[in-house]
């Protein structure tokens, strides 16, 4: 039986566990022998690889994070360690790889493919939703609903007082989490890297609202803008309202995968196994316009992240 | 200012409240004067209609059900009562309608349009996800995640004993909720109207699993199959396992809307207002292949519900 | 090192897992060697017992149900199998037992103590809260909050229509879950074994409320009264309101333990280990008037369950 | 009919809404006429007071925060404004007050009683659980379970990497939230104002754990210690582990009240109305040793906060 190894790599995201489970189950049904690599690239180098048992993957699909664990390994940049990883796979008869992670991980596996010809299939997973070529990355829906819970809770307090709250979500270069959260929580302000903002206009709009009876303000700010603390002081001074800052932090990462993340995990992992069985060597699974597909890694790398234009449009009035 | 009235009709679904809020907010931004109709068609007949205030729609987007309330009104089948409804709208200067509900409600409004020429836009909302022409109806994602919570909780108990659980979800003619829930909860059996099942084959498969150490079984059954009680006895006798039935019931309907239902509510309601402003008279908003669109009500009525073929495919092995 | 074995027995309840973890951790800190018995009494008979490792109990405290699993074993009623269980303990040097479960399990262990002199400490755990001598049993708070989530969700739908809902909670002879749930959900009717009810009076009260504008009714019924279906028809006919029944079932049992159940699990298990170290042979841990204590099993057996009189008092007006 | 007015004051806490609802319902059943004061002391001064309607309090018991809203009013320190507040009450025939809040609010009402002889009953509500004389304050259980959700989510991520997390909870002078959260989340470190800590000992203990395979660390720190940032750096350097800080912030305040907070709200508010009907003039409701009671405000003021000694004991090993 041909061996296929599954790993998670990069930042953890909800949906990784159901993807692992589904990849194992579907591999078996297709006559492959699935293996699990622990700790991502580190485990590949150090040979932390074992045949997948039913126990390994039963009872994991509702759990957050990744039971295979992840890591960031600098050693994998060196040929010597990649060779060591290759030898580990050879010994176990593994000639196919599935990697669940982000574009850094895909690039590493692509280099590995260039070196040793071991084909891989990539499953996009990151709560930032910033992998080019796909509209959806595993973990995004769960992260958004975790943020929803936090923001709804803060809203309870905000409406109990005359008070403003600034909430910082994750997202370095991509404001997707912040934009969707701003819309879905009914926020009054949204500051993200993708959109220009006009504090003067925001101030005018909200002062008018306050005159008309508004007593609380919610602002959602993407981490990458570094604007959270500034905006907190700005509201305090310019809108004359007691203002509190909450940095949501790692609470956003965990949580039991939502139904959507579980289903997408199934679809992506079935597609990944099928891609390898069809002889594709280095495709990334993608979801575009409601359809599953696969793209060459070169196409992914040369693409830009395209945000849902309707989301951008709907957020426009929160920036001015 | 032109008046536009918003109502919810038919069975309640999460997402109705954010749709109402967004329709009101967006109507104002477009220079329309929004009204709210209470209790659906009943309120239209009885004139339970008032201009929407900020208080009406602030603080509702995270609430389940519908604050406008709904009803089933037989009187609306009679011309006399529809005429009365029309007079109510006339008095208030309302010449546009948005109805959030199912196909029965759309048909009623279409008859109203035929009678009096008041254009409407329909927003599909039903947890059954069984409105033709659209891949998504408001409320489905929230219902699925409510079911997830219940099934994950039952799974806790199932794995604590040697025990089987049969769980009945809502869904008269459509097994969508049951199929997606079966996949996302890792169930072993799924019985829905759309798929044939083979109990002998299921028995063989699971007896083998039990020999290999399986100690709990989860079966998801759609209400419309009327199979829940039969299957409970069948498992007890044929797999020799203590088996319990849980009928999830109305727990599935409520709950705070998920982020996806809030965002879809926004998109649908913006599209509905735009459709009316563009002069369309009786379009239903739809979501297909990841894109928002609008269909003539005749097209919707003459279409069939098409389930995601991949979901059907993935469920196949749970029916035999 | 002296061996101490920990088991869960009877119906599963949230809080069992943190109790197991804490019993293991505290036993180690006291110089004991902890063992885990799988599947309750069955595992004791069949020797399914192993030394507890850190892996066994790490990452379990937030999980519902019991990872040690439970069972109902008739064989334990026979001396021959108890002897076999005793031999299993002897071989491993186990001379102390902690059992987390209900009074049936305590009685079994007490017989075992009478036979072979192996002392045990009992930790009360059952969502029914019906073990005499203690105000609190592990699992009750989590069950109540699971019911809260379900009832709050149903309330969303109830207030969207003119509709009544009858909700059946678990509880054979004890209406504690139903009473507390009725109060905490603001129900209008509560039917439990402990309280007489007067449907005529209830009808009068609610008809008056309906005249004054009440549009939805919530009734909570304890399983043990067998009244759920009758009441559903009764409301339909007598209050002329569409009425739906939801039997909550096993959803109530699972779910991640609440903070209170985790903390009580810690307190109970520390007290259980201390009780055994102090030389007590067959005490049951109890929580009364806000204080932890321990009672002889005879005292427990000869006691009656005493419900919080204030809860009964507050529920009084929901029965007439 | 005698008028009784109900207000919430100070920081908001879950349980305030069910307390308001219950105070209104119970007052009516006792023949009193309930009024609601908005925005706490501010509304009393400005006459923002109205007779309570059924609509005001229906559908609020599952909502977080306080629908009556709260404020901090410096004007109430001046006799002139208190006189104005008194005149407002006089006009409406209000001669009894219930205040749901913290000790600052109780002191204000006691001064008001000294000035004008209007008796009041206080209901302790603050998530800090730091009001002397009572073991429990409304809001604490909900806050603890909100923290649980956040910490369990962070734990998902922590176990996916070799990583440490420092989590700061609210609590200025009182480490109750932090201590209970540390225990219930299985944290390895707990830093609170009440307990001395020994970083050297902590370092030794955890380095040994890490040698034995521990790969993640969770530390809970009370806000009042100002230790969160320092500890984050300390772990990074001394345990050589990537360490992240999350300040939970206002997420802890909101959320739907737990069953315990709803039931305690009922008990406290019934007791408060009864206290006033019995002729007591300035009692604070308390919960001690599992029993409801009432204390003179002087006794409360001269008491010290006494933390559950068992919680302190169980936390001891997390400080060294």
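Which chain is which? They are A, B, C and D, in the order written, and residues in each are numbered from 1.
In the analysis below, a residue touches a chain if its C-beta (ideal position, glycine included) is under 8 Å from a C-beta of that chain, and two chains touch if they have at least 3 such contacts.
What you see is a predicted model, and the numbers here were worked out from it, not measured in a lab.
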Rounded to the nearest Å, the gap separating the Cα centres of chain C and chain D is 28
With chain centres defined as C-alpha means, what is the inter-centre distance between chain A and chain D in Å?
35
Separation of chain B from chain D, taking each centre as the mean of its C-alpha atoms, in whole Å
39
Sequence positions of chain C contacting 2 or more other chains:
152, 155, 159
Line, ring, star, complete or other: which one describes how these chains touch?
ring
Kindly provide every pair of chains that touch.
A-B, A-D, B-C, C-D
List the residues on chain D that touch chain C in their complex, please.
18, 21, 29, 54, 59, 61-62, 135, 141, 144-145, 147-148, 152, 155, 159, 180-181, 183-186, 212-213, 256, 258-260, 262-263, 266-267, 270, 288-292, 310-311, 314, 317
Interface with chain B, chain C side, in the complex: residues 8, 12, 14, 63-66, 69-71, 146, 149-150, 152-157, 159-162, 165, 215, 244-251, 253-255
